[in-house]
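Below you will find the structure I want to go over with you.
The first chain written gets the first letter, and so on, giving A, B, C and D; residue counts start at 1 in each chain.
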Amino acid sequence: MKDIEWARINKDVLASLESPRAAFWIVLAVCIALVLCGVAAEVYQYKHGLGVALMDKPHYWQLYISNFVFWIGMSHSGTLLSAILLLTKADWRKPIYRFAEAMTLFSILTAAIFPVIHLGRVWYMYWVLPYPNQHTIWPNFRSPLLWDAAAITTYALSSILFLYVGMIPDLAICRDNAKGWRKKLYTALSVGWMGRATEWMAFRKTYVLIACFLVPLAVSVHSIVASDFAMSIMPDWHITSFPPYFVAGALYSGCAAIITLFVMLRYIFKFEAYMTTEIMDKTAKLTFAIAMVWNFLNLGEYASIWYSNDMFEKEVLIQKFIGPYAPVVWGMLLCAMVAPFAMAFEKFRHNMWAMFWLSLVLQLGMWLERFQIVSPPLASNHEPWTWAVVWPGTVQLTLTAASFGWFTMLFLIFCKIFPSVSMYEVKEMVFHRRHASSRDEMEDIGKIKDEVMRSEGGLA
Amino acid sequence: MNSYANWAILMDNFLFALYMPLAAIFWCAVLHLVNGKWRYEVRFLMSSATALFPLGFVLLLIILASGAKSFPWMGGDTFGEPLNGWHNIIFFDLRQIGLFLAVWAFCSYFVKLQKQEYPTADPVARRKFRNVALLVPFIYCIYGTIMSWDFEMTQIPRWWSPIYGPYHFESMMRVFLAFFIIALFFLRKRNLLKRPTHDYVFNYCAQIMLALTIIWTYAFFMQYLIMWYGDLPFEIERFHKMMDGPNWFLFWAFFLMNSFIPFLMLIFSAIRHSPALMLFPAFSILMGTFLERYMWIISPHADDIDHTPFFSSWEDIAITAGVFLVGCFLWNRRMKKDGLYGTDEEVMERRHAEA
Amino acid sequence: MALKRMLENWSRLRQQDYYAEEPYMWGMAIDLNKCIGCGACVTACYAENNLPVVGKERCGSGHSMHWMRIERYWTEPEGTPEIEQEEASDFPERGAHYLPMMCQQCNHAPCEPVCPVAATYHSPDGLNTQVYNRCVGSRYCANNCPYKVRYFNFFEFWKDLPHPLEMQLNPDLSVRDKGVMEKCTFCVQRIRAAKDAAEDAGHPEHVEDGTLMTACQQGCPTQAIVFGNLKDPESKVKKSWASHQVELDRYEQDKSEDVRGYRVLEELNTESCVMYLDRVRDTEA
Amino acid sequence: MSENKSSSNWTRRSFIKAMGLGGAAGSALVLSGCGDTDIINEVDIEVRKEKVEPNVDPQDYVRPGIEMYYASTCRQCPAGCGVHARIREGRVLKLEGNPVSDVNHGRLCPMGQAGLQSHYNPDRLTKPMLRKGGKLVEISWDEAEDVLRKNLGRKNAKLAWLSGATSGHHRALVDAYLAAAGAKNHFVFDTLPPAVGHAANQEMFGSYMPRLDFDKARLIVSFGADFLGTWMSPVQFSTQYAEFRNAPRGTLVQIEPKMTLTGANADRWIPARPGTEGHLALALASLLVQKSEYADRVPADVVASLKDVNVDEVAKLCDIPVERIHHLHHLMTDRSPSLVLSGASAEGVQHGFETARAILMLNVLLGNVGETILPRSEDPFPALAPRMGGWSEVKAMVDGLNKGSFDTVVVFGSNPLYQAPGFMQADKAFDKAKFRISFSMFPDETTMACDLVLPVHSYLEEWNTTMPAYAATDGYLGLQQPVMNPVFGSHATRSFGDLMLDVLKHMDPNFKQWDSYQAYVMGALWTMRPALVKQYKPSVPGQTEEEAFKQGILSDGFVQMKVAKAAKIEAKVSAVTLPAEKANANYPFRLIPSARLGLWDGRHANVPWLQELPDQLTEVVWDSWIEIHPKTAEKLGVITGDVVQVESSAGKAKVKVVVFPGIHPDAVAIPLGQGHTEYGRYAKGVGVNPFSILAALFDGKTGELATYATDVKVAKIESRGKLVTLANGDLVLESNTSTQAGRELVKTTTAENFDLTEKGA
């Protein structure tokens, strides 16, 4: 990190905006194809009814909701890294927060699709919004789904704002270096940023303010997503630890996604100088800590169900482990509970490709987690008569695949239009590190007084 | 000592006697792991709280010996439902005693290693300490969860809430900090300490307490909201008993003392930076948490008994005062032994200088 | 306007016993001693309520729309005294356990609060009402229903009805389009007609007991189903509830052990309006 | 809009009614939804003053918005329940039981309810068809009537007539025609009426169906009589069963190899090895005759013949614990009066007649005759009495066809090409007739093999009378009247009565006095009126007596004829000997072709409601399956959903497995009703037809087919396929049968407790 030259930062980052390689076009084409498949599936489903998605009684919810939770979860880590680490002044976030925020935004945009295609009557989806109408009908404010609609909208708008505000200084840099349509675009977006001190001061305040707003918002958003399940009386949905569990799970899968994109960007755009092993190490440690919280809440849920001896809950738990959905549950435990322990080892954390594959495993685990939250409890509900096993059909799977295509497509386009690494913050970081390293050491020694105490007090 | 309520006060005191050392070790370990520089000022003060373990152990034995007086389910009152294997008196006693001793031993070991750890110490020792410190959060969370379930959640055996464990031990983490800064304030006031601590320690503790206050409120509210919304009688009844029972004001008192009052004070940096003003939120949290534990322990019987701790029984005052005094005595003795107090001359000298 | 209306509604909602003045509370009693599980009620319901026949494939994918269904179990629930545990047999020697299951019209319905558009609500006379026009098909209500008696129109089932089968459709109620939830209504169209008839006959607050029958009740060969107004002390259903010591607004009945009345999953606090009477078996046989 | 509305009365509700959107509830649902929030209904939809009058005077049937009820009689099975048909806008919308009918007391079974879908069935025949060049082609009614007259309107001794179970004026008309045509071959074939049991009853009690008093019995021991499901008159028996179960509660013991709906409701269900019911009955008899009070009721030679019965051996033979037999014996002696019934599974074996006699003998021993088994009086009009028919008749017809005894065959209300067992090769025999005529509503197997197909009205479109197969009161005659205009119009379908009357007019001038079958039936009833219990007097001024009479009987839906007081019932008992059952090594399992309330013998397979009504025991819909006991399934290595091949000496079939605890391990059961090769879109190609693999075994005495005697072998051929059952739990749970999983969904109490508590209630 110490070797980065000031001039190189702009050059490297701006280079990532130009002339994509062939691989880029291929991946983009695949993504667009997936999206088109998804559109076709949705049109088919729209025409014939939701039955073609192969949900049934009692599986009134399935993959659409799982996917919704998965994507909304993924959106949390962008905020975490960016906002919380900004507030706690952890400067290692700087090279990676931009793409993490972009990831946040695009996964919200992906997540928002799912409740819509999940609805039986998509064409009336605006009915869940409170708007004045001549029937004087309000939506039902008691419904967690309504809370959801409100929370997601707020979160999406705030995330866009956060991403955009944080990007203004960089857009100005782009503007100064661009030609053609890009020039016009960046000129418009950079709102006349000149880099004056007053601008910087206003910018800092705004940015911190949005961050302060976003942290509780992010927590509340996923708590509300959790309440879709927890507020019901379904066994194994009605779990008091679901709000923190969902938040932890969201951060977890989001961190894993950050690691994936971290390695990919580092490789594709040759950002080795910015996305260093040290940052990966920190990210991995953070992921590990979150994984442990998630593990604790997950195991705590199992244990407390068992502890309670509650008939309904226990039945679901038993069915989860030995029933037809057992492969999913065990797969989740293996991928999301056991696998993260690899990150306890420094050697592993420092191996980019190992981390890359691990992050994919973790995401798979978290995807399975969402599936096993939704499906098995529905399968073994209060009424044994209706117990049934349903695996998602082609339409649902197609739309799931399309959601990945959609997300990747948006992300790829973003990377080519906007700088995926924050230039100004990396410069700040380089500056601080260069100037602060010697001073830090002095401070450290200044604070260490135990030794003095030890010598004086004779602690043995 | 006939009333269940008296035993509840005893259990309440036990949990505090247990968590003071336990949470102290937790904070020592966490501050070490996140590399908080100010830990050097407080870590020995905190860890000297392990002196309370013997007190906790004696209280535990008394409580276990009291059997069904402390744990209604032991009296065969299983609320009409079969209980699972955890609700087994022998197993219960064994795991309580065994776990307590194991945790006690571990904490003593931690304290021992901590004394050998300093920036210029042998890297091997430092690494060893770090590894042990890494274990502490795990042990704290798991043991805390078990304690919360055994002593509070399953006072109604089939009442369950997976968030209860985190809610409980998170609350106890915070009350330790509250207690610690109160103690620190008075120690500083009397100039007893060998090396004075800085004011920023109060600010740091306050910041953590603020975060924990928000988390406490979140956990409490979410637990309540989910149960209220689901409205399954067996769950929400417990809350109703607390909220509408004879001691309803204690419920609202602990709720306010744990959430609004500390939150509204701790958000102001002026308060956070003032050791004297910090006494208010700290007392609020201390009292609030004490009542919180009491209300949860007593909740299954809330409509059977009309007992308000300290108001309706001198035994409560006696027990609490006794535990407090013994605790102070033990802690004081440990600090002396660890050389945390200045010599008499030093203290006198400093007092003199101040005067 | 809308806000004003909402505040008014809110203040009225906060009143205690909002429906105390309402003359009707529809309820049911089903005697499992008499129910033989023949399915007459099921077919009657199909005929009365325009239920679609979905065909083999869709039955197989769980899309059947029987508002009333008969569940058949083979085992006794745990803790049932004396019966079945007496011997380990390879056969269900005590016969099957039939449970006619339809919307329990819970007064404390889990399905109601979760609907984002308030398409399901409680009517003053105790019906858990589904407003087809308002439903957007989030299906949360069906998930939250412990009895799993809500049925979703996964397809446009009415389109499959070949001529002249559509001539049978009951014009008193609509056919449902794809994407909406539906469920047993206690034959609300008959209730409406009976209320109208009572009004025409000059006693608007009183539907004579016995003049109003649900389709399932009407068809039942053994008269296992009794339906009526729980607020009418003279009604058969009220008498049955009273004699079997089941009270509507409780989740735990304060009743003697021997009395047969119970409500399914009562412990979930659903306050359902359907009481069942224990199945009976002669242990001496 | 009509003008006689003052705007103040014009409420939203009546507006919507006038718009034709339908009545009360529909609009209530609609309005409460969009008018308001869920709490307040300010818009007053409750105020109701409606008087909607149409501009156009509608037809007789049609009073827009007003529902009407017509009384008629259900023809979905031979039970003949009375129905009330709900009519609106000239369409029948719903069938309810006729509350004043003695047969069903206002109740109706699923099949009766589903009569609507037979009536409105999209696969109904709407054009007469004639076979030309080997293919059925649609022809005009004029042509069809010409062909009909040409073929039937002459003396023809070689004419064979095949009916389904028949009674009332249809029977009278057919008999009159056959007399006019000089044909003696009227065969009646219906699969489910218990011909063997009828014969045994006839011999023992002098009546093929004495009256049974369920309510009085304190104990019913039923040897396979599925009286709640498929036995004679299920609704009627169900209503009596409900009484029987009131406190003091009667006890039901069901003995059968495969659990029927009745077995599912028994207090004790005893799975006897198939074919051994007679032995069990004899063993019980031998225990009873040890006491003289029982032994005295039968002749000494009967008692002597019972001396040899070894109860322990019988227990082994029946695969029942011997204590169970003794227990049953004590139950029988303790609870009197009782009622012992014999049904399909006991009678459908080669020694079925003897078995039925052995079972019925228990009634005599227990002194039930005269207590719960009551005499029946002579039918005042034997010509109208029900004829149930049986397998022997279809066999006789097939034999006759094979011998070339018949050149013309007329089929009405029966479907032998589907129902006759495969080995009879009824289709080949049918081909041998020169000309085949079918009166039918549906393109069933037999109809599609005929030369002239005449689409007839449904029972809701025509006039008729029906005498129930079994009625608690003697002399009950159900009336049928059209409840609506023919669905497809009079140009499409015709009334069978009208068609035959037309033919008959040309042969017997006596019949010229009636223009139509309606006139024939009503005329007959009018002349019968002195013989009726109830007399109808004009109630409206200007009404003639005949009008009053007709209105009266039509609003009742039935007439009750005066009958002579029944003679005392005398039982004639003689000794019973049963052959020993022998196992068949090649075919280890006994095949049970089980019938159920719903598809019946297959005639309702084209009714979607009934196809989608799950089997009451396995909960399977839209399919055929084979029921196999869990133990047997384990031995065969099959689970629910696997496909097995079932092979008998007469044929084989592929069918899906349902692991089912309510069956004897030596038996497998395939339900009747599916496996149609014709019969419209809902029936064709669904499942398999167990009739097709029944072996050629007959009851020695009556010549009836021994339907429960076929032995089969079973082999797995495919792994788990998609079995369509509504009991999802069955497919999820390892046990293959859904349990209550600890929930107290169905709570059970003891009869003792029930009697104690219900007395007060």
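Throughout what follows, a contact is a pair of C-beta atoms (placed from the backbone, for glycine too) under 8 Å apart; a residue touches a chain by one contact, two chains touch by 3 or more.
Nothing here was measured: the structure is a model prediction, and the numbers come from that model.
**Q** Chain pair with the most contact pairs?
**A** So the pair of chains linked by the most contacts is C-D.
**Q** Can you work out the whole-Å distance between the CA centroids of chain A and chain B?
**A** Taking the average C-alpha coordinate of chain A and of chain B, the gap between them is 35 Å.
**Q** Can you compute the centre-to-centre distance for chain B and chain D, using the mean CA position of each chain? Integer Å is fine.
**A** 76
**Q** Calculate how many whole Å lie between the centre of chain B and the centre of chain C, each centre taken as the average of the chain's C-alpha atoms.
**A** Each chain's C-alpha centroid was found; their separation is 51 Å.
**Q** When the C-alpha atoms of chain A and chain C are each averaged to a single point, how far apart are the two points in Å?
**A** Distance between chain centres, rounded to whole Å: 43 Å.
**Q** For chain B, write out the residues touching at least two other chains, lowest number first.
**A** 229, 231-232
**Q** Can you tell me which residues of chain C touch two or more of the remaining chains?
**A** Where chain C meets two or more other chains at a single residue, that happens at 5-6, 62, 64, 69, 71, 73, 99, 113, 118, 134, 265, 268.
**Q** Where in chain D do residues touch two or more of the other chains?
**A** Residues 34, 37, 727-728, 738-740, 742-743, 745 of chain D each touch two or more of the other chains.
**Q** Tell me, which pairs of chains are in touch?
**A** A-B, A-C, A-D, B-C, C-D
**Q** Show me the residue ranges of chain C that touch chain B in the complex, using the header's touch definition.
**A** For chain C paired with chain B, touching residues are 108, 113, 251-252, 267-269.
**Q** Mind listing the chain D positions that touch chain A in their complex?
**A** Against chain A, chain D makes touches at 34-37, 727-729, 731-733, 738-743, 745.
**Q** If we count contacts the way the header does, which residues on chain B are in touch with chain A in the complex?
**A** So the residues of chain B in touch with chain A come to 37-38, 40-41, 44, 81-84, 86, 115, 118-120, 138, 141-142, 145, 149, 153-154, 157-166, 194-195, 218-219, 222-223, 225-227, 229-232, 338-340.
**Q** Provide the residue numbers of chain A that touch chain C in the complex, in ascending order.
**A** Within the complex, chain A contacts chain C at residues 48-51, 54-61, 115, 118-122, 124-125, 127-128, 132-133, 136-140, 142-146, 149, 228, 231-234, 237, 378, 381-386, 388, 390.
**Q** Taking the complex as given, what residues does chain C use to touch chain D?
**A** 5-6, 8-9, 12-13, 32-34, 36-40, 42-44, 46-48, 53-56, 59-60, 62, 64, 66, 69-80, 82-83, 90-99, 118-119, 121-123, 129-134, 162-165, 167-174, 185, 187-193, 196, 199-200, 215, 218-224, 240, 243-244, 258-260, 262, 264-265, 276, 278-285
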